[in-house]
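Structures are listed in the sections that come next.
In what follows, subunit A forms one complex with subunit B and a second complex with subunit C.
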Partner chain A sequence: MASELTTESYISHHLTNLTCGKTSEGWTCDPYKVDQMGFWAFHVDSLFWSIGLGALFVFVFRKAISKNSDASVAPSGMQNFVEMSIEFVEDNVQSLFGSVKNTLIAPLALTVFVWILLMNLMDLVPVDFLPVLAGHVAYAIAGDAVEWIKGPESLYFKVVPTTDPNITLGMAFGIFILTIYYSITVKGLKAFVAELTLHPFGKYMIPINFVLEMVNFIAKPISLGLRLFGNLYAGEMIFILIALMLFFSSIPIGVLGFGLHLVWALFHILIVALQAFIFMALTIAYLAMAHETEEH
Partner chain B sequence: MEYSILAAGITMGLSAIGAGIGVGVLGSKFIEGIARQPELAPFLQGRFFLMMGLTDAVPMIGVGLGMYMLFAI
Partner chain C sequence: MNINATLIAQAVVMIVFVAICWRYIYPPILSVMKEREKRISDGLEAAKKADDSLEEAKLAFDKELNQAKAEAAEILDKANARASQIVSDAASKAEAEAEKILTSASTTIENETNKAKEELRQQMSDIIIDTTQKILGDEISKEKHEEILKKAAEEL
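Entry: the complex of A and B
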């Protein structure tokens, strides 16, 4: 599409995922056939960046830890960073999870923290850099072979996986399934059902109790996922709006936009790290709740 | 379209009011806690940031949904 560049087309271009799916004519990534794809529609860019960053996390941490196992040599560089983050996560797990023995929680918390941090940090890459790069690469490779790639702009590409609610809600529901699993295995099915039905009004008000507890129960993963999504989506949106100032205004406002980019990026580092930390802390807290066996 | 602009404005404004009050109360209690027991400051600071992130997230969800109403629908 070589259409005219307007504010709305620019913003929607940045907020649309590269979606590949199965239509009646076979598999395609054509953005104008998204509504025909139905269930088998994949957000290829979110999948690519999230899996790629997960692999990067595993690779870097593994390399840093296996490199220097000699305790007499002071750790340096990447190993220092890795040890710092592991200690940070361990402190949090100790203080929030207490004395319950479960060896899965700390590695899970570390994975959640570092992975979400890496995915959020993609937000600090300039908004146009990777989408334009991907568009030009796709046009150069497949421009002649694929009929819907008509130019570098026809490829939608969203770089930050956590601005895709599918990714954040997917992670939140993963945590949710783990809390149900540990609630049933640690407390037993009977105690778990009793917890959902016998509070807060006692055994003669079971339907009301169940509805109240269910709302509470379902709200946890949804708020966990939407919190991360909302923060990152709003942050990305503000980056895009600042970038628009550079395009559609006079030069002085464009220069002001350059400064605003810097200021917002610096503030955004706080949000990026804080949201990763909050997701991790709530993961630990929810799993700790699933392990509490005493009566209220 | 013009109604979605109004809806987005109301969403963002009201959620900003709520979070403003929430973070204000949180911050005043935080300062109060440090004034009473300065040795607890590092401990309280971690909790403060955690709770601030939780409070801060509600208007951010509002802003996200407002932006979605404006540009994605």
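Entry: the complex of A and C
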């Protein structure tokens, strides 16, 4: 157990997920057995916040509906926010999707936008609050029963789900599946396959065309997921480094750290909203491409 | 940065949330928003209509008011004319009455004067006859000199 708090252990503690998976001895969340878990392991912390924030989104918007049901009453409070976000999404879908009628796109874009925004916003919670709290809670509740929880610090807990590539790529993967589904249903399988094989060199170079188009096709979801992950991971990293200034340096540098934290947090608000918007806009754009029947 | 089953779990979770939003959240809110939008535009239109009709009513009101004013002025003019007519009538009537009274009064005065004169004459002639009788005795009688007395009285 890493009892000594070093710069290295502090950073790695913040960058490691709480991972649960199946080992030869059964299900466990022991961080020292992650290597034995293989692919079938779950980042419980990322999924917890992801599901929790998604549920918060559903709850808030659902609650707005019950107030919303009467069109003759002027909207108030949270309802205004809800309607504003829906209007924002509607505008974006309208501008990118134009005339195509698809009732799934706007709800999908709304979910993706609000959900990612909420997940990104977790980045603004000071880096140590929730992990330390979770560690103490886990130690107090399960410290005796679970053998691998030896102290509050033995529980890894990453708060921002979008700094976990599994989360961002998972969402991009879901959108990728939808893209394929709509490509096939709207254009037809033949046109879809033709699109992947007959460009850019014509029908005599099908293998090369396929490789080139496939790279293009696969790159979309991967870049979509990694863009969000990279931005948020970097932001989180800088928050951790600024927090390090407070813990491991002299007082003047610590004071400077406070200032830097404020500046970076203010700047990060921009990134948080921007990345959520970019993800939403690209989601709409990729799905719009899947609906385009015109050959280019 | 290790990829594991979290990716699949997250994809499933996303599909669930998107389905919830698609099925239960987005359509009701959007329909209410559309309905409200329609209500607002209807309301604005109704307000515009009401504005127009108000303008119309104002014009009609102004018209009526002007007409009423003109009528009132006409009535007032008529009344004034009639009043002055009455006054002038009354004045001329009064004048005539006064004239009449004056005339009758002067007639009466004249009559009285004549009467008095007559009486005076009578008395005078009586006195003269009386006196003459006394002087002349019974030489002269009233009856005998009736003619002369009358002439004298007339000359007086």
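Here, the second predicted complex is superposed on the first by the 292 of 296 C-alpha atoms of A that agree within 3 Å, B and C clash if a C-alpha of one lies under 4 Å from a C-alpha of the other, contacts with A are read in each partner's own complex, and residues count from 1 in each chain.
Here is the rule we use: contacts are C-beta pairs under 8 Å (C-beta built on N, C-alpha and C of every residue); 3 or more make two chains touch, one makes a residue touch a chain.
Just so it is clear, the structure is predicted and the values come from calculations on it, not from any experiment.
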item	value
Clash-or-fit label for the pair subunit B, subunit C on subunit A	fit
First, second, both or neither for A:M119, with subunit B first and subunit C second	neither
Partner chain(s) touched by A:L226 [first = subunit B, second = subunit C, both, neither]	first
Which of subunit B and subunit C A:L155 touches, first, second, both or neither	neither
Contacts of A:V272 with subunit B and subunit C, given as first, second, both or neither	neither
Angle, in degrees and to the nearest 10, that opens at subunit A between the C-alpha centres of subunit B and subunit C	90
First, second, both or neither for A:A243, with subunit B first and subunit C second	neither
Subunit A residues touched by each partner, larger count belonging to subunit B or subunit C	C
Contacts of A:L198 with subunit B and subunit C, given as first, second, both or neither	neither
Touching partner for A:A290 - first (subunit B), second (subunit C), both, neither	neither
Overlay on shared chain A, then closest C-alpha pair between subunit B and subunit C (Å)	7
Overlap of subunit C and subunit B interfaces on subunit A (superposed complexes)	none
Subunit A contact footprint on subunit C (complex, rising order)	1-11, 13-15, 17-18, 20-22, 24-30, 32-33, 35-36, 39
Subunit A residues touching subunit B - in the complex, by the definition given at the top	8, 11-12, 15, 226-227, 229-231, 233-234, 237, 274-275, 277-278, 281
Touching residues on subunit A, where the partner in the complex is subunit C	17, 19, 21, 34, 37-43, 46-47, 50-51, 54, 57-58, 61-62, 64-65, 68-72, 75, 82-83, 86-87, 90, 103-104, 106-108, 110-112, 115, 164-167, 169-171, 173-174, 177
In the complex with subunit A, residue positions of subunit B that touch it	49-50, 52-54, 56-57, 60-65, 67-68, 71-72
